[in-house]
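In order of appearance the chains are A, B, C and D, and numbering begins at 1 in each one.
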Amino acid sequence: MGIESENKEIEKNLRDIARNLLQEKKVDAILGYSKGTAPLSTSPIIIRHIDEVNKLIWNNLCYMNLAKYLVPRIPQLKSPKGEDLKIGIIAKGCVGRALIHLNVEKQLNLDNIKIIGISCNGIVNRKRIEREIGEKEIFEVSTSENNIMIKGKDFEKKFSFDEYINELCKVCKVKSPPKDSELEDIFIGESREMKSIDDDFSDLKEFESKSPEEKWQYIKELLEPCIRCYACREACPMCYCNLCFVDQNKPIWFGKTTDLSDIIIFHLVRAMHLAGRCVACGACSSVCPMGIDLNMITRKLEKLVKERFNFTSGLNSKFLPPMMAYNMEDDEEFMLEEN
Amino acid sequence: MHNPYIPLLTEIKDIVSENKVNDLKTLELVFKKEEDYKAFTYIPGQFAEISLIGKGECPIGIASSPTEEDSIKFTIKKMGSVTTAFHNCEVGDIVGIRGPCGNGWPIDEMKNKNIVVIGGGFAFSTLRSLIIYMLDNKYRNNYKDITVIYGNRDSGEVLYRNDLDKWKKRNDLNVILTIDQEEKGWKEKVGFVAPVLKDVSPSPENAIAVVCGPPIMIKTTIAVLEELNFKDEQILNSLEMRMKCGIGKCGRCNIGNKFVCIDGPVFSLAELKKLPNEY
Amino acid sequence: MDQKILMKNEIGKLYIELAEEYNFYAPVINKGNLIYNKILNPDEIILDFYNSKIPPKEILFPKMETLFEYKTDGKNIEEIIERKDLDEYNIIFGIRPCDAQAFMLMENFFALGDIKDNLFLKKKENTVLIGIGCNIPKSTCFCTSVNGHPFKSDYLDIFMIDLGEKYLVEGISDKGKNMLEKLTWLSKSTKADIQKGEELSKKAEESFKTKLDVKDIEKILEQSFDHPIWTEISDICMGCGICSFLCPTCTCFDVIDENDQYNNRGRRIRIWDTCQFCLYTLHTSGHNPRDSSIERCRNRILHKFCYYPKNYDMLGCVGCGRCIQLCPVNNDLRKIIEKVNKIKEEEKVNA
Amino acid sequence: MTIQAEKEKKIKEWEPKIIAFLCNWCSYAGADLAGVSRIQYPPNIRVVRVPCSGRVNPYFIIKSLTDGWDGVVISGCHPGDCHYLTGNLVARRRFAILKELLEFFGIDPGRVNFMWVSAAEGERFAVLIRKATKIVKELGPNKKFEKKW
């Protein structure tokens, strides 16, 4: 069954669920994706009335993590009196993981949220396609069987689907939102119980075998175009601090300039804050205007927490994330010893 | 080619702690180079971007009046990182000063009118500059009678005690101090600025009201002034806004299409009503 | 002034002749992004491109710019060192007419009021803009709707039209004219070339897909300050800095002091800032006049389409379309303008 | 003197500057014991006394590296002896994450060292400091975060 018909089928299901959720007044608004006007992009949308339900779409360009709009709750999703509206949120795997993890971190109250689960079939690596198309303008993007068709002014290119989806989607094991036994009623549509995932992180081996100098060179090469627009921080559902470490000035910890060392420190410290929290949705790489691909750092964060503490973020709300807990028997091979 | 971001260098001559809690200090600055003094001619109500180079820069209203020739005074409350650095300074430290910025009180328009000065909290510093300027014997007869209403949370917060005592002794102006709650040993009025203004009820004809203080006090005071049918052009107000460059270039202090740092900080209520309600 | 011809293979010669005296900036691909960069050898120049990702504003108003440096004696400042690199001469080769119009808007802004930002103005004065007309505008471009034109040469020093394998070159400002006089080896242009130039200009003008109705946008925006449409427009905006950092007319900046205590020196620098960030207007007391994305989105649109016309009676947008292409949530400016125009019809209906 | 010898001499003369965050209850007392019992160890470390190794925020470590320190040493009580019971356990997880990320970013991991030293282990403190200084000295001066002026 080709990608095209899969998307159609997913789209039909999520529209039906959204329609009767709104009809039965179970939710006040639906948070989903709508068709983008610029090529290779979609636009999140807040649906408040039944007749707008047909604006909801699903294709392989729904890269935004919608859990971002719930933490901190934006005024548009609050009633005029200020209480939180009941929201139905279209959730692919990583959005479901983000919601459960944010519930563990007590950032949102899952009672007035309905998770409309869908089984995601991969998000296109739009930055890579844009870079390979180069300076030619893209008019229309469509999928047929197993390819992504890009139509432009006087050219038409085909990209193999499995090759050009996000690195994270290629190895993703959580296609639909992980069902959490205690919160039975909020999961509608696709969802699967998941205790843990097994992942050998083989895609990182090649990079990790390099010498520190080569790694440093690669990271400098990767982060150099950064213009500090913070789109990666604003798109990440786990970045909800009201005063980011970069903006603090009592004391000023790290520089905010586009000097290469400041850029690398910003991405290093932000990555450190995401250890055991990042849900590998790839939104930070999809939104970067300069096409910086942070997927490898995301993979490293997942590997680090999986191998050391056997934890994967956002699967269920029983286990505390590693950085909020401690354990006597953690291995400490990195400590300095006398021998 | 004059680089507008380079400050003139001054030295701290004297530091006076203004309140018991010691989070308000008045710094007296003297220019290191003599000719800088002439380059820095200002009128009351203007502010300056003073900076501890290495720590940062912040916009502070000039508390001294141009008639006090020898030095420039700033009253600084310990709030953020730069103001805390100012509070750790000693006499003799170097302070950069850029300005004067803003339009200041319209001293010419206020000629031969009676002036009602209403101040609250530590925002009284720009009003002190105006009062001392008006009381200077060169300019006193330009203005009719002056009433000063100065409100504070408690007696420990009152600024410029010796100036206030001097003004009380004079007969050509009427100073009314008030604090929010009753306190032992406090002989002056008690209550918020707005009710006190209602009892004083200055007459609105040929008068200008100058208001400066925290946002809630401004809102209540303007309401009372409108009750005493002061017209919108007669009510002047100095606004507080986040600023970085002070010369209308960094773009953050805008209300509508006006920049508070160059088109303000003094706005009449008439102008404020034309601007969008975004301050 | 008669128009000259510059063959595309002679650009190397042009570079060699001008590169000693001027810093030569041209469009190059750097890690997959097309930006204007100082080039060392002419074959890096990209000639067939729509427009750069980062506007050429980055050359005169860089992401990070030193205002002044200073030396300290450990505690107090000893000496302020002014910048010496302001009297270098620059050439921006291959700039588009909309970016040149944006430079004019920035010049107005930095020269507003009696204290002028001489850093930017001096650099703009020392810069020669060699522009190329847009033969094929992008679908997101709408410069014709904001009184611009793909072949508008008013704000350029030298204007070139791409005729295929050669350029039709014309000196516009006197800076451009006497630079062209120095380039004696340029060949003469024939009547056919000039004819072809006009055809290309007409063809480019008709090929615009986007038409924006900004006739009396200023009045509508002024009256609709508290209109609920702004909640809907800023529904999905996540408050990143892309639409203003990559906008050629956005000029907001933040000022930071950088200390190097161990070498007793430091510098005061300015970096790009945007009204979309939460700290932009946050008072130390905690009060924030523009507290959520509703006020911030509104401020960006009003600044360009209402405040700018009020201060300079020119629109603050040049229609380059970068904010449409690069917004991560695709909050399309054309849709925003459409929604704002709908308010006008509503008013007419119930007025 | 050949260039090589000169370089050697220069490196030999160069002494790394290392900042040491010592937990007040165990490691600070251990260091004090090393000093009292006259055990010699390299003078490169500058000690910052912290209530517990759990108080050491990763910002301190990364800011030290960006401010130009050549090495960072963090020492706490052995797991189980912590005066605040779980301070060093939480810190251990934080250091594990930080160490692997520094290594992933290519910032030589030898610059940041963690160790457990109890109040009675003066000798162990000296040995570990000697070892840490040797590692940092081999890595050379910390040039990675210097800014272009």
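Convention: a contact is a pair of C-beta atoms (placed from the backbone, for glycine too) under 8 Å apart; a residue touches a chain by one contact, two chains touch by 3 or more.
Just so you know, these numbers come straight off a predicted model, no measurement behind them.
Chain C has the C-alpha centroid lying closest to the overall centroid of all protein C-alpha atoms shown. Should one ask which of A-B and B-C has more C-beta pairs in contact, the pair is B-C. Chain geometry summary: the mean Cα position of chain B and that of chain D are 51 Å apart. Chain centres here are Cα means. That of chain B falls 39 Å from that of chain C.
Averaging Cα coordinates per chain places chain C and chain D 48 Å apart.
Looking at chain D, residues 147 sit in touch with two or more other chains. Taken residue by residue, chain C touches two or more other chains at 254, 256, 258, whereas all remaining positions touch fewer. Among the residues of chain A, those touching two or more other chains are numbered 255, 259. Those residues of chain A lying in contact with chain B across their complex are 249-252.
Residues 56, 80-81, 84 of chain B touch chain A in their complex. Only residues 1-7, 9, 51, 53-57, 79-80, 83, 93-94, 96, 215, 240-242, 244-245, 247-257, 262, 276-279 of chain B touch chain C when the two sit together in their complex. For chain D in complex with chain A, the residues that touch the partner chain are 58-59, 62-63, 66, 79-80, 86, 89-90, 92-109, 113-116, 124, 127-128, 131-132, 144-148.
For chain A in complex with chain C, the residues that touch the partner chain are 36-38, 41-46, 64, 68-69, 74-76, 127, 130-131, 135, 137, 139, 153, 221, 224-225, 227-231, 233-235, 242, 247, 255-259, 286-287, 289-291.
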